[in-house]
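Same chain, two partners: chain A is paired with chain B first, then with chain C.
Let's turn to the complex of A and B:
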């Protein structure tokens, strides 16, 4: 099949996607299912911590609570969180563009979008580190601090792992590991990065808006 | 002053990212397959996140 002669349309992308041997197609579908199940298990992990946070939140009469020294804790800085959230959401958009570029065989664009995604991911982590150093609470001082650092720390760890994952994918893609037909690793990386973005939507609402 | 600037930046970025995400979601709406369906779900939730940021930036959510 003269796949290379097809133009860059959805049909061409689909044709390339299907232009693989049956064994690869079968294992790709199974790996995809397995990866989605992994993401669902991660959702369960975050959900447990979120429910613990909501339980603690509803077990005190006022929120934010007072800490162990009897001091009223302030609300978190919404304005800064807005910017940092947009950086992470923006990285989700650039990752989507990277994936689409790869599907349409535009490698130069893919590289640009991947670098943008990695840079935005690192910027988000930097913002998180900045917030940690300025937030007037500690991990052990209150239920708010314990919940905040546990949940955002767990998310930050996922982002950190995601950045390492993206760098690995970038290197692999430029070393010829993936082709226009076989790029499951990139698909999984895109899904993981979108997942990390979406978890932040929940955390942003719970800690800054609720 | 700094908070106002941060809110303004957040507002503009959220509109930009939310608009882009929504457009991509619209463009890919007809795509099939598990990976595309999950991607669409996650893009939709990301667009929802951008709406939350816009509402927070203008003071509707998050205590003004």
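Let's turn to the complex of A and C:
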């Protein structure tokens, strides 16, 4: 019984998704493909800096390297990064729930999950700022610092843009921009937020675990 | 079910239509019509072509005498750096993708516009801004490390090098956005019935180019961002004194810039693939092989970048695979050359200027391809690297390839774009002048290189091992030929101007071509197609009489003519 009601809910969501005029359907198709292609090209940007990091890392015998004053650089604090990562991954989950709530027409829940996502996103940025001010390395001081601050900074910039994006979506959703059928903006926001999450998985491994 | 019907049949006429603007600014300056944007790219590209070409003439004037007559060594370095950057990023790439891509591609697939017209507008305006930033670097000390800007010289270079980074970064973002836009357009907006194997070959070329633009150009953005950060904030990436690696730049730069040569040449292949069958009155030979070889070139293009780095001191084990992969790229390229040649075979050839430039393209591009094979071979490259032989090679493929292709495309699509005919006689004069002076300019550069003349030098010694034992005489011959080459462009400009002022009105289809853009008026109406055509055949059936039977001739407005001829990815009517 539970399963069939679940299926029927999913069918209802699907039916609503399909119940749009042809113009909306066609532009939604185009925008979805365009947005995914944009994310792919963004992945390439991160990949280049990850390549640079690995290249520079492999060009010295020991890692972490010594800085320009000959001081051996320490490893990063994994424990703190773990907590901060969990905050970001948690925001990915809340974003997923927000999207699902919207699809199932549960607007109050949607608002709660969205606010949770935005707050977690800001907390992650705060954690990032705290870490930046406490790590014993500098941007210009070593190749480790150069890669670390550039890559995590690029990612942090993406999170920052994402938070602004989510706040915009929250306002739009409450202004009636989106309906139970027409919500491409929310889909794009969800895709973007998950993309930011996935990039962080790679960065977390590369800087803290590897 | 109702939804399915709506998707397949009763399509309304609102999609991708925006109202025709009334004001001058909305119509010609900030237009969202792909045709206007295409022309904007062409005008801006022509301007930057002239500027970059004049910089090349400064280089050639300097080399008239061994001592270097007219500019200081530092200025000389800046001049050839901006000549290369200007030609690659501000001329060829915007012309072949943004220019002809925007104008011709939506027409050829039977669409009313590209998928994202506003994004198109934004992408266009980044281009002139980037161009102005690039050339304004002369004001504060222009970049002087060549168009490749290798560190550590580029790190220590003048302040304008940072402007160079910003300009190329901007034009890179513009290319990426255009690539995304074109990919979505080609994949999603083809007219009903236009399956992949009924797409014109120019569209295939744009598809492959858009893939490259989308993926490779962001890689360049990363490399440039790192260089910019290193220059402005001392972030160590490339400086070997601080743990960085100059080789890292070369890897990142060429990972983009090798695919970039295919961004520049694949659309030119597309021009040639349209023009040769039209003026041979024969279906193109090996349509599928030519189409798929574009994709093969695009994919292989990502695997060959380190062939620019054989002498850089990178790991020796990388040399052999990169050499072999580079040689393999000659296979799909050769397929195209053979396809075009076989199309000519037994054709009823008309020597229209577009056709002359296409035939010239086949000749000089093949020569450039042959020296490419030589350069890809490690032992030869060790000898040729950094000499004028490389300069000769790149100009044979970029000028003889991309620019010849652009000239051919100008003569071919000019009547469609402007609604006026050009003079064929002046076109022929332009071609022969260009073809002869081109070869006189760049062919001797091979020997200059083989005799040991390095590229990027402002002064040289006179004594050469052969060719009258004089570098000076050969350089003077090359320089004088290059002045003729520059002058030949004036013939084109005069032809354009006189056509715009007093040219004969162009009929819709002056060449009896079969692709969709020729089935509507010249210039096309604002919405391109009042009724989206249904495509029943491939675009090279010259035995079919006009009006072309490959199009559905029914005339009912805004009714989907043949709902069964849907493309797999969903068509827009």
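We adopt the following convention: the second predicted complex is superposed on the first by the 202 of 210 C-alpha atoms of A that agree within 3 Å, B and C clash if a C-alpha of one lies under 4 Å from a C-alpha of the other, contacts with A are read in each partner's own complex, and residues count from 1 in each chain.
The definition used in the following text is that a residue touches a chain if its C-beta (ideal position, glycine included) is under 8 Å from a C-beta of that chain, and two chains touch if they have at least 3 such contacts.
Note that this is a predicted model, so its numbers are computed, not measured.
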- Does chain B (first) or chain C (second) touch A:194, or do both, or does neither? first
- Considering only the touch criterion stated at the top, classify A:205 as touching first (chain B), second (chain C), both, or neither. first
- Item | Partner chain(s) touched by A:146 [first = chain B, second = chain C, both, neither] | second
- Query: Where does A:92 make contact in the superposed view: on chain B (first), on chain C (second), on both, or on neither?
  - Reply: first
- Message: For A:33, using the defined touch cut-off, is the partner it touches chain B, chain C, both, or neither? Pick first, second, both or neither.
- Response: both
- Query: Who does A:78 touch here: chain B (first), chain C (second), both, or neither?
  - Reply: first
- Message: By the touch definition at the top of the document, which applies to A:63: first (chain B), second (chain C), both, or neither?
- Response: neither
- Query: Just chain B (first), just chain C (second), both, or neither: which does A:157 touch?
  - Reply: neither
- Query: Overlap of the chain B and chain C footprints on chain A, residue-wise?
  - Reply: 29, 33
- Residues of chain A touching chain C in their complex? 18-19, 21-23, 25-27, 29-30, 33-34, 37-38, 40-42, 44-45, 47-49, 51-52, 55-56, 59-60, 65, 68, 139-140, 142-143, 145-146, 149-150
- The residues of chain B that touch chain A in their complex are 2-4, 6-7, 9-11, 13-14, 16-18, 20-21, 24, 31, 34-35, 38-39, 42-43, 45-46, 48-50, 52-53, 55-57, 61-63
- Note on the structure: Note: in the complex, chain A contacts chain B through residues 10, 29, 32-33, 36, 39, 75, 77-83, 85-87, 89-90, 92-93, 96, 187, 190-191, 194-195, 197-198, 200-201, 204-205, 208-209
- Per the touch rule, the chain C residues reaching chain A in their complex are 3, 6-7, 10-12, 14-15, 115-116, 119, 176, 179-181, 183-184, 187-189, 214-219, 221-223, 225-226, 229, 233-237, 242-245, 248, 251-252, 255, 570, 572
